[in-house]
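Before anything else, here is the set of structures, which you'll find just below.
Below, chain A partners chain B and then partners chain C, in two separate complexes.
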Partner chain A sequence: MMEVEEGNFDEAYDVYACMQCGKCTGSCAVSLRSDLNIRELMRIAILNKNEDLEKHEEIWDCTSCGICTVRCPRDLKPAEVIIGMRSSLVEGGTIPVTVRDALESVGTNNNPWGRPKSKRAEWLEDLDVKVKNISEGEEAEYLLYIGCTASYDPRIQSVSRAAINVLTKLGVDFGILGEEEPCCGSEPRMMGETGLFEMLVEDNLTLFDEFGISKIITLSPHAYNTFVNDYPECAKRLKEDDVEIPDIELEVKHYTQFLEELIDDGRLDGEMMNEFSGTVIYHDPCYLGKRNNIFEPPRKILNIIPGARCIEFDRREDRSLCCEGGGGRMWAEGTGTGERNAIIRVNDANQDGANVIAVACPFCLSTLEDAHVTAGYEETMRVMDIFEILDEVLK
Partner chain B sequence: MTVYILAEHRRGELMDVTFESISAARRLNDEVVAILLGTDLADHAEKVAKYADKVLVVEDERIENNTEAYTQVIGEIIKKDKPKVFLMGNTSMGMDIAPALAIDLDSPIATDVVGISEEGGRIKVNRSVYNGKVLSDLVLREAETSVIAIRSGEFSAADLEEKNGEITKVDSPLKETIENKKFLEFVEPVAGAVDITQADVLISVGRGIKDKDNLPMAEELADAVGGVVSCSRPVVDYDWLPKDRQVGTSGKTVKPKFYLAFGISGAFQHVAGMKGATMIVAINKDIKAPIFSVAQYGIVDDLLKVMPALTEKIKELKS
Partner chain C sequence: MDVIVCVKKVPDTAEADVSVDAGGREINKERLTFAINEWDNYAVEEAIRLKEEDEGTVTVVTVGGKDKEDILRRSLAMGADKAIRVDMEDPEDSFVLANVLCTLIKDQKFDLVFFGAQSGDFNSGVTGAMVARMLGISHAAMVNGVEVLDGSIKASRELEGGLNEIYEIKLPALFTIQTGINEPRYVSISGIRKARKKPLDVMTPEDVGVTEVKPMLSLEKMYLPPPGKIAEIIGGSPEEAAAKLASLLKEKGAF
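== the complex of A and B ==
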């Protein structure tokens, strides 16, 4: 992550190496339905025409799926350039109101949903099992990092509860942070709030250090990605600026990676499960797939579930169609018109004969859940997180 | 005690808040002097003089639409006449002028005031804080002049006593033309655009409305209660209403006095955009719909039956 001051995109992002081939725009998940044209934004960055940015409302259309960066033949980071552009808009205060409110809420409530910190652990109330709270001094090997959306959105809270049930049944020594759990900062960073992100990195590393946390399992690929990729880089930069940051090594896993290890160790297998009935299609989230090349673990889990007939989307793995849930798009509809990607996705799933779409990301769950109702599949199809499927089948 | 008020006008029209300011000033029981600045003021002066004890008119085109000039000119008049209170609307103009004026005069200031009275020679105001959730009483410190900006619509100008005060022309005390701030143009909101965040009453429709053809029914109810139609995201997705009517985390956050949710299930993203409404009433045929957990009142029934019945009842009550 880089600090961008007005007018120095060229230095910060090496944009002069861009040869304007257009592969970024050609790959872009939203360019078909919005005005977002990354190649054009790259050219603006090269020409240093920052003063024009305010007119480019479509800068907020980017879902930060990262495919432009994956495919850039010059190894540039167009997705980061967009974050840089958002940063200068954030600095200038000319951002969509909903984005402003979400960022402000991270500052005041430690979550972007405008909900009080004191209600962050309310989802626990309907649970039958007791779960350790590391912030209250209980010790556990792993921190299960829930994340903001899975803490507050009633639909996604069900994934948090499923996670607790499943990990408890599997005898994993884990705990949560309850009300003390902070925002990971991934979405603020993607929305260009560089300063806020740095503050969260500093606060969160200090908090993890204080509670002796070194192993983390995340529900969200977004939290996973930021802990693994953004935190070390940001912490290094902060240290160079003489900010005091605890020296801790975090071992972070997305829950599908963690469960894959349990399978490999013989601690999770089909014998432990009841029969599932359904044709399951797995939707790769961008932050696991494209951004981190994690394709196998979720598939491995689904494949051991007895009775689940697993099929694949034509557009899968690093070609998976982004659901448009990331990059701040939870709080910005964008300029796009026409069919949402999520609708295209549920239609594809239906055509392929699936009656369960399996996801491993809270944002994918939000967007696809909404889309499957809008597209009229409420009665014939279910959108489920892998944790929810496991919770349903585990004996 | 003498109270000076600002007569606000824009594009040839006197603003209602002018008379509301006079009404607020009358609660302090004394002489009310109105200040009228700009150009083409003769008509306005007549209208204001009807209810004010005195109108001071400064004709100077350098002042027209320039809040910086307004601030300086009002400042000069106040320094000379030393009224006990200067009062104006907490309008976009008032938000520009009143705080700057208070700084210039080193005066105490109260903005967005909804109640005003005098208590033992001191001025007491009532203003809302915490986004309207708490009302606080404040007593202003002793000062030569206090500045107060009142909320529009709070002080009724219906029963103002006629005064037919005198109109006095005053030479413009503006020393030089304001260069650092210029009025460029008035920008009209796009025709047909409705700002749902400003409405006191929202008739909000969700997927349960079933068909675009049912929307006029919602419009009719909105007209009857003097509200505006808003919606959940699917209604925008189906192209039944424009994007700017969407309530929710990726739409608009609204805080109306009254929010009627018809056929809206109450998804997280929707509720986050409207739970600040003073009163929420939900109409949904599914008794388990989550919207009922944020609503104060609920009707479990078919909205296509409830909506016209409600419209009819309201029309009946009004006639």
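== the complex of A and C ==
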């Protein structure tokens, strides 16, 4: 990831290797319902004809699911080219107002939701268990990184509370950062705000260092992905530019990976759970699956739940249909018309006979929850985060 | 067209819990976030658009301590050419502030002065009009559209009830700018970094030549409005709250 000045797309993304095969566009999760045509954008990048990017409103339709990058036969990164194009629009200042407001909110409130920093820990209020707050000097082995969406969105806050209940019951030594928890920067990066992302990396690594945090469990695959894949690269680049960054090695796990380890260590099993009644279908989030090849841990957890009949989507694992919640799409409606992917997904789940869609990502929960209501499955189907299912069944 | 834009840094109180401090004349600011006044942001954008359409300069001005400089840097990153901060404590009232700004502006070269129509903290909406009067120039308030003509300018003003009135005004003039006049551009972090090289002058009240004036208003007491007697906060789960609300509406004869 580098800052793209006008006229250096070719250098920044090595796009000359592109042979215009179109596999990216063919794979794209939104190209069926949007004008987004990655092959065309790659062509623009090759020719460095990026002066008219404002006209390509569909650049904001990309969900950054990453499938184009996964499938590119030349090992290029079309998804990063789109971020670069967004970056050049961000630097020019002409971006969708909803994206503008989200980015400005990260700058002032440390979250893209336009909510005050002082209300970040409000979700804790209905909680019966006591949680350690690392920012208040309490020590814990793990930081449970909640993230902006699970802190502020009323539906997703339930996942944060479920996480606290489950980890407490399992005797995990963890703490949170409460109001002091920062935005991880994943969404700002995907929206092309490179400078803001760098600032967050610098600030957040300094904050983690200050509180002695080295082990992190994330609720969101997006936070996981950025901590694991983007932070080290960005920190290296900042260091080369003589920015002072603490030398800390972060051990970051998505919570499904962490729970899988507990299963392997015999600290979590079906005996600890009440019977769950339902046919559960697991929806792979792009940021765990396609981007990080994490397919097994969530399935392993669901499979030990007594009574849960686990079934699979036809489009699963690295072929999972993106819910359209990532890549800044929470703040950009997109130009697409026709059925949303999330609606297609809940219809598929219904057809497959599922009455619970299990997710492991706040954005997937948000989009699929909304879709299952819109599609009329409110009475017959539940969309649940795996933490919520565990909270329900753990004795 | 040379435009001076007066900007102010204000707390974001839209959703924050606002409380009054022990002294009873000030709100507690520790947990609030501060940013450029929303109306001022539109004013800066409008000035920059005028410059981009034609030519000229944009100068942004604020009054206050060093902590106010970030809104100037941000405006420079948006495209302003120069910034001035008058280094002093926050003025006691709009009249004192207007006096400082007038003294500063009268020695600058300008065709237009922009203010936000009001500020998100006290919402008085008077500073711009006061400065126009002190400078002895024409002014228009709540401007939601401008068009540059030869030696004059057309300004559209928003009136009550969705009406607009359009004036042709001789230059120099002062406008207070209404939100919605444009769509302010995004200012990126790297844009702000790059704008560090642009000039930001810090002047003391003495440099400016400010003579002391007495405030026209003094703040006696600040307090949160007491809760009304009829209002009732319905608690409980969404289901319980909805049932309670429905029965209340029935009881009061709403349906």
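As a convention for this text, the second predicted complex is superposed on the first by the 395 of 395 C-alpha atoms of A that agree within 3 Å, B and C clash if a C-alpha of one lies under 4 Å from a C-alpha of the other, contacts with A are read in each partner's own complex, and residues count from 1 in each chain.
The rule we apply is simple: contacts are C-beta pairs under 8 Å (C-beta built on N, C-alpha and C of every residue); 3 or more make two chains touch, one makes a residue touch a chain.
Everything quoted here is computed from the prediction, not taken from an experiment.
Asks: Based on the shared chain A superposition, would you classify chain B and chain C as clashing or fitting together?
Replies: In the superposition, chain B runs into chain C.
Asks: Touching A:Leu196 in the superposition: chain B (first), chain C (second), both, neither?
Replies: In the superposition, A:Leu196 contacts chain C only.
Asks: Have a look at where A:Trp331 lands relative to chain B and chain C in the superposition and call it first, second, both or neither.
Replies: It touches chain B, and chain C stays clear.
Asks: Would you sort A:Gly171 into first (chain B), second (chain C), both or neither based on which partner it touches?
Replies: neither
Asks: Should A:Gly137 be classified as contacting the first partner (chain B), the second (chain C), both, or neither?
Replies: neither
Asks: With the two structures laid over each other on chain A, which partner does A:Lys117 touch: chain B (first), chain C (second), both, or neither?
Replies: Once the two structures are laid over each other on A, A:Lys117 reaches chain C alone.
Asks: Touching A:Glu104 in the superposition: chain B (first), chain C (second), both, neither?
Replies: In the superposed model, A:Glu104 contacts chain C only, not chain B.
Asks: Across the two complexes, what residues of chain A are contacted by chain B and by chain C?
Replies: In chain A, residues 97, 115 are touched by chain B and also by chain C.
Asks: In the complex formed with chain A, which residues of chain C make contact?
Replies: Touch residues, chain C against chain A: 12, 15-17, 31-35, 78, 183-193.
Asks: If you look only at chain A, which of its residues touch chain C in the complex?
Replies: Listed in rising order, the residues are 3, 90-95, 97, 99-100, 103-104, 107-109, 115-119, 193-196, 198-199.
Asks: What residues of chain B sit close enough to touch chain A in their complex?
Replies: Counting only chain B, the residues touching chain A are 207, 233-234, 237, 243, 246, 249-253, 267-269, 272, 290.
Asks: For the complex, give me every residue of chain A touching chain B.
Replies: Within the complex, chain A touches chain B at residues 97-98, 101-102, 113-115, 152-155, 329-333, 340, 366, 370, 373-374.
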